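What follows is one structure encoded as structure tokens, with my remarks underneath.
Chains here go by letter, A, B, C and D, matching the order in which they are written, and residues are numbered from 1 within each.
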Amino acid sequence: MSRNHVSTTVNGDRVEFLCETGQTLLEALRDELRLTGTKEGCGTGDCGACSVTVDGRLVCACLMLAVEAEGKAIQTIEGMAAGEALHPLQKKFIEHAALQCGICTPGILIAARALLERNPDPSESEVRYWLAGNLCRCTGYHKIVDAVLDAAREMRGA
Amino acid sequence: MRYEAPKTLEQAIALLAGANGQAKVLAGGTDVLIQLRSNRAAPDLLVDIKAIPEMKSIVADAGGYRVGAAVTCMELIENETFARAWPGVVDGVKYIGSVQVKGRATMGGNLCNASPAADSVPALIAAGAVAQIAGPQGRREAPVEDVVLGPGRTSLAPGELVVSFVLPRRAPHSGDAYLRFTPRTEMDIAVTGAAVNLTLDGKGVCSSARVSLGAVAARALLVPAAAAALVGTKVDEAALARLAAAASAACKPIDDKRGTKEYRIKVAGVLARRAAKIALERARGQG
Amino acid sequence: MPTTLKYQEKDLKLVGTRPPRPDGVDKVTGRARFGADYNLPGQLIGKVLRSPHAHARIKSIDTAAALALPGVKAVVTRDDFAEMPDEMAAVGELMINFRDVTRNMMAREKALYDGHPVAAVAAVSESVARAALALIKVEFEVLPHVIDVVEAMQPGAPLLHEDQFTVGVKPKPERPSNIAKRLEFGRGDVAAGFAQAEVIVEREFNTKPVHQGYIEPQACLASYSADGQAELWTSTQGHFVFRAQCAKVLQMEVSKIRVTPTEIGGGFGGKNNIYNEALAIALSRKSNRPVKMVMTREEVFRGTGPTPGANVKVKLGCTRDGRITAAQAELNFQAGAFPGSPVNQASMCAFTRYDLANVQVVGNDVTVNRPKVAAYRAPGAPIAVFGVESVVDEMAKKLGIDPIEFRLKNAAKEGTQTYYGPRLGPIGYIQTLEAARAHAHYRAPLGPNQGRGVATGFWFNIGNETTCALNLQEDGTLTLMLGTIDVAGGSRAAMAMMVAEELGIEFERVRPVVGDTAALGFNFLTAGSRSTFASGMASVIAARQVIEKLRARVAKIREVPLEAVAWKDGQARPAEGGGAQFAPMTLAEIAKMAGKTGGTIAGHAEINAQGAGPGFGTHIVDVEVDRETGWIRILRYTVVQDVGKAIHPAYVEGQLQGGAAQGIGWALNEEYFYGDDGVLQNPGFLDYRMPVASDLPYIDTVIVEVPNPNHPYGVRGCGEVPIIAPMAAIANAVENAIGLRLFAQPFSPPRVLKAIEDAAAARD
Amino acid sequence: MARVVLSSALAPYTDGELELELDVTNVRQLFKALAERYPDLRDHLEAGIAVAIDNEIYQDALLQPIAPDSEVILITKIAGG
């Protein structure tokens, strides 16, 4: 099977990899680049565990082919903290007990950051609808919503 | 399986034509990748059309709009002037999947995937949108309601693809709306959908209307009888009741995991009525 | 050291506070490693071929073409696993019929459900493995199937097991049946009780199977070496239990298998038993390469355990003044392809919230053509309670008594005789009812088409086999090695908090980790809401052992009598009235000297924890019903629960909220939807419809703390009770909103609208 | 003699007998005596019986003492999710 060569940027680093045409970005991240922080919960775009941003746009990595990453800028959970300094969302998730098993957490953090970049002051309802693509089975979402709202408050300096 | 990302429409058409029907167009990929994964599709060639500028642009054109078939749902939602002109079309687009899915999914893909439950299609039909189609034989146009024939089947000839959608110039006092019913608030497939597009005259009387229903037949339906219930009325309760009855009467649904026949028929009428009320408010609010 | 520590009230510094969980940073940075995140050099990818039929005889399996495909390294089928005797065998605490385990893992004579494994391959890549599956030829003889529990109980229904005769019926039946077991619980005389009743309500309910819905699919990695030793990394609720099951079906010695548990992406009971693990070891043994197996979401739905669908009949008799005189229920539960539904526990949970003189509960465990049930959070209880609490609510309404008042009139309390055996010890049921009645939610105004519902739940909670080790490190920090999986609830944090509280040191100085199966002796699953209770008990025992050793060491170092040394605030100090003065020693100072004064200091505990305290909860929910579409919106939700003691209140709240959310999903939309061919139609998240964030409101929590006398901090356990009441509470709220009672779960819009229209038609 | 009460769920295995007195001093002796008296019950004892001794439930506690004046109730074992 001939493989495609892809050059792309992941969390600011130039990377190259080979992939089969049918391989998804999620598979390339996890299996070729060993960035396993992005999770697979369904493989069909229904759970959001594989949320990443591509050129700033929030997407499911399972619904994008790896070959389509050519020349793009990808952000994954591994690039969210600045060195040792956690992103405010990461800090608030720990502080608010907004994670339990943690399998949905990377995807929810990436999605929440994308929300706050567009809307620094979302309402509870806006947070809930924006995160509707991210399933969590442990928390009932209560503490996740609180953590996002609190992070937004802190990031606004309010 | 080969992957190509042509930069021009001509190249894309040539690739599709040269693949003897074993090629698949890749726009947002939110349906195609699932088909690949489940072995429901096994093409030799994927033609990614997202590098073609014409298919990625939103152009205001003589009062109307031309929306590239590969424009993502999020790009369209974020285009505020388009959303003001065609809020009902944006309603439909907003219902498609999650924010993540909308970051990739396109109206072109939503149409050509040919699901009877596609959320943007009834809204486009009600809007009177025309699909611009290109293929080995050149370009042609078709009303959106004529593109899909049934589940998974379109009227596109081999090698043809939808390039863009043209939405007409808006008359004053016009409004459109799309509503769908799903058990969950988000992340669901329409059990039934209804789109209403109407224009009022200076006295508030409905001068023209188009009504379209989704997920109640093998493809999205244009329902002239439902529209006729509104035209010539002030869209009052009696007219809305006739609209609902006509909408329900037009349904030819199936029973499946997403809903029963009876349910779809009943709710199609309810949604048509509710969508008409929203369209009416929007028309009244428009200069 | 005793294996049970009694509750002692004392001033607490750490227990009851909210420190950050030790697994938090790894989980927010993507560094935490779950089942699918483990890889080994040279690993193969394993994939399973599954039956496309609900019921079919397997006439032949031809794997030659698959084996011939380049890149395929091994194939296993039924022929690769030994026949197991039809008898119950102990796996630690669990009694399992290994004849069934081997058949569920890999079909033998027959495929018994859509998704039943038939063969497995290991190949160099995912795509080669998938291609190999397509090359395996299986000759099926399709048989009639049965999924509905009532149909399966009828004489003449298609039989899953031709040699299955109903247990629990005397004399032994002459004909085989899908009813694997009948059981009956009773107390008093129900006929006399109903004769005393002035009002009787009798209703029938039906529920569909629902899945645990953990977001992480089952995933494991196995490596079998030529010397007969195997290593397994897997996402599990009990690595010791998985080891035992693998050893048994692979006929290996237990100590030859070392299981390392990964972070687990949700379990809820669904990861209590092996699926791919033994297949992965078998494939690794055959291929001499490590084998990784990760399920797809579709495989999770088709192949792993949902909870039963059920048919439930409930009859309640009452006096006009609201005293229950008799209670009766029949619970018919789908077991799936093999016996073992939780109908037993469900029977015991059905009425235990009430103080009843006359009770009868009959349960039937019924085999049907769908995956074998797995445990799901308070297994079976929500199903029974949906029926019972609906009938209780209807009774209260008939009598014109407030639903909480009615429950209080009949509430179980300390000393209440249960119908399944013992009297209840100290419990907090009445306290939860009173807290709910006092809550602002209970009095808040409601709008049109809105209604409020109340329901309550009970779960036993359990103890069981537990071990741990607490090692003082040379710098005075401690490592707490636990043998129970932290399935999500934050039990690592809770255990470390209890240890730090005992030792009088900062939480951060205790590092809790979950050890592999070689590090500790046997531990039962994290299940039954037992972990913080039992592992907490073990951790406290270990901590007290460490304190005793620290005191003894300091006595030697300072050359004073043992009685002269007290342990307080993380230091050895002169005991008041101990008669000797000496310079206090901190933990760090002792640790530094430990090696030169007799060796390092450690505590450990190996217990079978007894004395779990039952948990009770009361839920309040407000709904709004769209009469034109049948859509139910959850407007407000409050969970009140007695947890004994909340070691880490935020994590307890998380359990209460998460359990309620699962219960809401169960009530509203979740169901296994089968076609006429017995094939599952909705094996994906899209059409299975678990609640998303926009489907739910905030879920308020009220924590009630009535200490369990059999735990040093009063812990009861809290994970299971919150899923029990939501279905009934929502049904009761809908009834209050639109005057219509729902008898079939899920309360999906088409069903609710049909009920509304049928009721309207009946009125006309 | 300890007073032994069997959960009604066990009636099919004891010909309906649900209460008896036994001279036993721990759970292992109790199970042995019951198995001798009710052969049909033997498999169920092994397969999942818990005992409540004076209303405290014990699972898998063969050596748990039973006092002469104890009330012992046999119930089915409880697992969970």
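In this text, a residue touches a chain if its C-beta (ideal position, glycine included) is under 8 Å from a C-beta of that chain, and two chains touch if they have at least 3 such contacts.
Please read these numbers as outputs of a predicted model, since none were measured by experiment.
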item: Pair of chains joined by more contacts [C-beta pairs], A-B or C-D; value: C-D
item: Chain whose average C-alpha position is farthest from chain A's own; value: D
item: Where chain C and chain D are represented by their mean Cα positions, the distance between them in whole Å; value: 26
item: Whole-Å separation of chain centres (CA-atom averages), chain A against chain B; value: 29
item: Distance from the mean Cα position of chain C to that of chain B, given in whole angstrom; value: 44
item: Cα-centroid distance, chain B relative to chain D, in whole angstrom; value: 68
item: Chain C, residues touching no fewer than two other chains; value: 212, 268, 685-686, 692, 694
item: Per-residue multi-chain contacts in chain B, two or more chains; value: 185-187
item: Shared-contact residues (touching 2 or more other chains) in chain D; value: none
item: Every chain pair meeting the contact rule; value: A-B, A-C, B-C, C-D
item: Parts of chain A lying in touch with chain B, wherever the complex brings them together; value: 4, 20-22, 24, 43-46, 48, 51, 54, 57-60, 62-65, 67-68, 70, 111, 114-115, 129-130, 132-134
item: Residues of chain D defined as touching chain C within the complex; value: 5, 7-9, 11-12, 15, 43, 46-48, 52, 55-61, 64, 73-81
item: In the complex with chain A, residue positions of chain B that touch it; value: 1-3, 5, 26, 28-30, 33-34, 36-37, 46, 48, 50, 72, 74, 97-101, 103-104, 185-187
item: Residue numbers on chain B that touch chain C, as the complex places them; value: 181, 183-189, 191, 256-260, 262-263, 266-267, 270
item: Residue ranges of chain C in contact with chain B within the complex; value: 628-631, 668-669, 673, 681-682, 685-687, 689, 691-692, 694-695, 748-750, 753-754, 757
